[in-house]
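Next come two complexes built around subunit A: one with subunit B, the other with subunit C.
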Partner chain A sequence: MITATLSELADSDRPNRKIDAFKTEVAYELVASWRQLDFALPTVLFPAVFYLFFGVFFGKGSGLATYLVATYGAFGVIGTGLLGFGIGIAVARESGELRLKRVTPAPPSALIGARLVTALWFSAVVLLELFVIAAALGDVRFERGQWLGLAGVLLAGTLPFGALGLAIGTHVSGKGAPAIVNLVYLPSAFLSGLWIPITMLPDFLQNLALFMPPFHLAQLALGVIGMDAGYPWQLHVGVLAGITVIASLIAMRGIRR
Partner chain B sequence: MHTPSDSIACLAAVHHSYGKVRALAGVDFELRRGEVLALLGPNGAGKTTMVSLLLGLLRPDTGQVTVFGRDPRELAVRRRIGAMLQISGIAPNLTVAEQIDLFRSYYPNPATVGQLVAAADLADLMHRRAKALSGGQLQRLHFALSLAGNPELLFLDEPTAGLDVESRRRLWARVRELSESGRTVLLTTHHLEEADALADRIVVIDRGRVIAEGTPAELEAEVSGRRIRCVTRLQPDAIRALDSVRLVERRGASTEIFAIEVENVLRHLLTQDPELHGLEVGGVGLEQAFLTLTGRDDNTATPN
Partner chain C sequence: MTTPTANEPLATPTKPPASKRLATVLGLGVFLLLTITVMLLPTPAHQVDATPDGFAIVGARVFDGERTWERADVLVTQNRIEAIAESLELPTHIETVDGAGKTLLPGLVDAHVHTWGTARADAARFGVTTLLDQFTAPEAVQAARADREAGGATDRADLFSAGVLATVDGGHGTQFGVPVDTLEGPDDAVDWVAARKAEGSDWIKIVVEPGWGRQLATLDPATVRAVIDAAHQQELLAVVHVSRLEDALAVVEMGADGLVHVWRDRVPDAAQVKMFRDAGIFVIPTLVVMEGMVDPAPSVALAAGSLGKRLSGTQRDGLARRFPESARVDWQVVVESVRLLAAAGVPILAGSDAPNPSTAMGLSLHRELALLTTAGLTPQAALAAATSVPATQFKVPHRGRIVAGAMADLVLVDGDPTTDISASHRLAKIWKAGHLVDSAPGKTEPLDTNVAAAPEETLLADFDIGLRSHFGYGWVPTTDQRMGGKSTVDLTEREGALHIAGEIRTGAMFPWAGAMVFPGDNPMSPVDFSSRKELSFRARGDGRQFSAMIFSGKAQGIPASQSFTPGDDWSTIVLPLESFGGANPGMLRGIAFSAVDPPGVFWLEIDDIEIK
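Showing the complex of A and B:
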């Protein structure tokens, strides 16, 4: 019995080693992403710079600064998810990096998991910047629970857009990825009311926004601070969950190719 | 000489196509424990397809692929192999030391950092990022990474492509050391010299088929024959009609003939052309053997 247990232990791959391997993968994924300055700088700086300009300079002390901290937060986490996965995976596929890793015992789930942790970490940095700027320079005041709720909703929002990025990244070339990802990212961000409040857009665009994935994350975030457009939250969660599932299925088909 | 248990990896009746392009057309192939085997063939012969199948990166259209008696996609198999791929990349922003650390973390019993650094001469490059490495240095890093898991079976797909002569020799020496330490090595190359220098056994493939296999000496013997050079008034067509003549070719005033039974051919030549002169008889190198086998010397000779 004892020998059986021991050999099972040996076969079960020493759980600690698996965790250590995953930590190593995460650590290097983070380091590599930080050093990729053409990814790291825009991802970390653009939302804060835009918010500083539109939220703080034009809207300090008004509802605009409050509203935009939620929507630029959405803009930021959508960026880390879409760009990190969309461009990162496409480039790694094209360069043969993924091919080489497929030959090693590293499970694909660990590689994707490491990217997800990295994206969440970038999201956290973006949100922290925005929150500090909003509180210190934009005179934005929330309850502690609202700050935490906003952070929670937006961090979780990294997931559906990471999945969407993965679906794109597994199907387009490394060279084409930045263009295609930005073509999805930037127009849909604008049309979802992330840059300027959705209520300032013409009516037909406000209706069109319902078909934009970022709109639903922004509305959930705005819901936390009581500034949403009034749709039921179940609709937004449902749409985002649906996107996550469908995009993941598309990505899995792409990975198998 | 060898028993079925010697077999460490094999392809059985494997066909594989990329769309309409047929890459492998019924390949049977066996890799034996402890040998260094060279897959030799011209570009596009199907070498990389064979390696990709053995690594589980591709599934065969028909036929069977096994490594250690299992499906090559199994985790248990991947823990025991290492590979240097022709089409492969690594994270450009990680240093050599970091890449080695990362790849070691994938395996249950990795090689030590010291072993890997020594095997690939990376001591001076440890803190350099991958994107700052030259082609040859990158190739060495890939070699080190292929050894990260202390593999029993090592796949090297065109390992010396792009290396200068000195680095190539050094890599050859490393492969020999690996072989001496009991590992099995499969390497692909289109350099005959490389196959000859390293391999215990060579499998020649061309247009998706195995066309010959054996030790370097056996392959040479297979097309062994010899080369006759002489000045004769006999027409090439007449010579070609003789038994055991493989190739006939005019080189200026003289005629070059490749034949298996040289003595018979000579007897005929001398009887039919009493004025035959400038006679030389020599051996055929492995290079000529390879060209004859793959029929790729159409420019310089007329195949029989």
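Showing the complex of A and C:
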């Protein structure tokens, strides 16, 4: 990639430069996201509000409250990944921001990396809210290792969906992005059993879930708390890794366009 | 370009602006906070009775759901039954429970209940570890569903349910305050069944109930047939509530899978019995709820025995409630019908219809077992009716049997219920999913127990001094809004009497609206009226039947009530305190004068209320 070569040249006198550029990008990306309240608020609040409604009011003290911590956690991190990347990149691309950034010394990897860290940051906020509500209001109790595992699996889950968002965001217009991203996000969340347990869906929809990316993240998270559907974890990890690779390839083609 | 990231020069990172420093702090702070929170989040309290390696029940007689082993060992690992054999080689360190002189049964299944509140815990205390619910709000089903799939350690019974029932607008099932999606005709059937399935219904329940004495709207035959067909197309069972033999025969012909009550009008002839047998239909007679209509004494006696200590205050109040006089069954017809069905080989399932009046969740299934034996079932067949038969008929997996791989829902009783069914009362230990169930009822909200002495005066209120009472805290309006209902009431003093006017609206399980008076200094503080004999008052009303209710005793619960129907003109009504079944005048907390069902506007005037 030509840009990479250029920045390598620019970096030759200061080895810290790439890291500085990355840190700067992260900081401004975060500030920019906070200022975009119409993105930040729904992303941060929806999973917690849904959980309050379905998990706490309907399921307090029951298995439902427990199950939904994992699935609304997945719902939340998938949102930050898909929306942050999908809509964010599409808008940045259309506004010319991406082109402008190309002339800065920051390499493209810093741009993508900064967005990923931002998405992770939002994921962390979502999980923080969800865990506190689940424990305090939903009477949910996990072993320490399970709480840690749930946080780890879900934070890592931001990556494949960030890649997926990136693939979409690099191919659609800024105006079209919210519609298309939500078209992918909301139905697949429902069909993956993120809102209500998958066993409550009709059989043909249950079979469909295997083809939904969120299903695989949710199953990994549910596996941590022993409430998964019993598929081997390698299947879920494989699917998510596959999604990450394929989506990244598609995204790279989009970026080169 | 106006995006905040684009207009800062990246090449001069010497002095970061404030916003960047803030971003760094907040950015790192959230991850740190998440880590700290995760380290502080609560973890489960570890049960001392938890036996991760399992335990074994050794040397008990075992009824496995279908047959009796005179002696067997049963090994439980976590929540499952690992093995059953006449004799097992057990690892030396494993915890054992001595079963000598005892009988081990599968956790009991009650095939006809309605769940709300603490029903699942109430049932488990009586060894009923699986509830097949024949109508409740879908939210209750959804909350319970994850529990039964997780199969974790719990003190609560598993719940399988029909969810919302199929009936017409204004028909049986719409009077309880649970919102019911009613059907208008056969064309609604497919969508209606699909909606139940989406809500989590495990099967479909249909009401065919033209009324008991009075006329009641009910589904027409074409719609019943369409719902049964739609249920079968969508791979669900269709069970039907009937109360007349002719309706039972009609729905059997339509392909129904089961009846959730036995009819109560006449005994079938041999050809009709053969029809039921040949159709492969099953029947849940619910004898105990029908017995409650003619003679609640046996259930009351059961509560006085060893099972009584497992009852909560609310359950006791439920047992003390009575059906209205209009609810009648011909007991001989009911028992004889069940006898003929059982003799012909029609599968009979034990169900209590708790928590209807004069029943209690859990307890009433033990009475049902005894009643099934009076209807000709052997004790062993009665036990099968409460274990393997409902599991098979309702396709409930891993329950109702003691076999390797089944859920470790187990009941250990003293004696031998396979020959003497009353031994089912002598509960020694109950396990739900391998977890030992606590037999003590949960604590209800504590009430003030400092009983005040009764005042000299017998006149509580005559409304010549406004709405105040002569002693005690005085009058307040009371409605079902407390329980999520929508009924309204207004209290006014009119010509020296209390004028109570309002409207009963559907919305609560038991709608009410009226006036309540507290004889103690504070609301619900108890007063000792044990030396008094009667509640007397003058009343006139709009012709509707009203209820006088007494709130009393140590715990919160459903009040004891007596109905009265005052006419247009003032008359004096005298209700002996002992006629309020279950009331404790020695701890009288409140008296209410209320309108109850049916919905509609009402008025009632009362005056000169005396406790004498």
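Criterion: the second predicted complex is superposed on the first by the 244 of 257 C-alpha atoms of A that agree within 3 Å, B and C clash if a C-alpha of one lies under 4 Å from a C-alpha of the other, contacts with A are read in each partner's own complex, and residues count from 1 in each chain.
What we mean here is this: a contact is a pair of C-beta atoms (placed from the backbone, for glycine too) under 8 Å apart; a residue touches a chain by one contact, two chains touch by 3 or more.
Every value quoted in this text rests on a predicted model; they were computed, and no experiment measured them.
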item	value
Touched partner set for A:66, first subunit B, second subunit C, both or neither	second
Broader residue contact with subunit A after superposition on the shared chain, subunit B or subunit C	C
Subunit B versus subunit C as contact partner of A:193, first or second or both or neither	neither
Partner chain(s) touched by A:142 [first = subunit B, second = subunit C, both, neither]	second
First, second, both or neither for A:58, with subunit B first and subunit C second	second
First (subunit B), second (subunit C), both or neither touched by A:103	first
Partner chain(s) touched by A:128 [first = subunit B, second = subunit C, both, neither]	second
Partner chain(s) touched by A:160 [first = subunit B, second = subunit C, both, neither]	neither
Touched partner set for A:151, first subunit B, second subunit C, both or neither	second
Subunit B versus subunit C as contact partner of A:30, first or second or both or neither	second
Set of subunit A residues, in rising order, touched by both subunit B and subunit C	20-21, 24-25, 28, 31-32, 35, 92, 95-97, 100, 104-106
Of all residues in subunit C, those that touch subunit A in their complex	1, 3-6, 8, 10-11, 13, 16, 19-20, 22-24, 26-27, 30-31, 33-34, 37-39, 41-45, 139, 142-150, 152, 194, 197-200
Subunit B residues within the subunit A interface of the complex	55-57, 75, 78-79, 81, 83, 85, 87-94, 98, 101-103, 105-108, 129, 142, 145, 148-149
Touch list for subunit A against partner subunit B, complex	13-14, 17, 20-21, 24-25, 28, 31-32, 35-36, 92, 94-97, 99-100, 102-107
Touch list for subunit A against partner subunit C, complex	20-21, 23-32, 35, 58-59, 62-64, 66-67, 92, 95-97, 100-101, 104-106, 117, 121, 124-125, 127-128, 131-132, 135, 141-144, 147-148, 151, 196-197, 199-202, 226-227
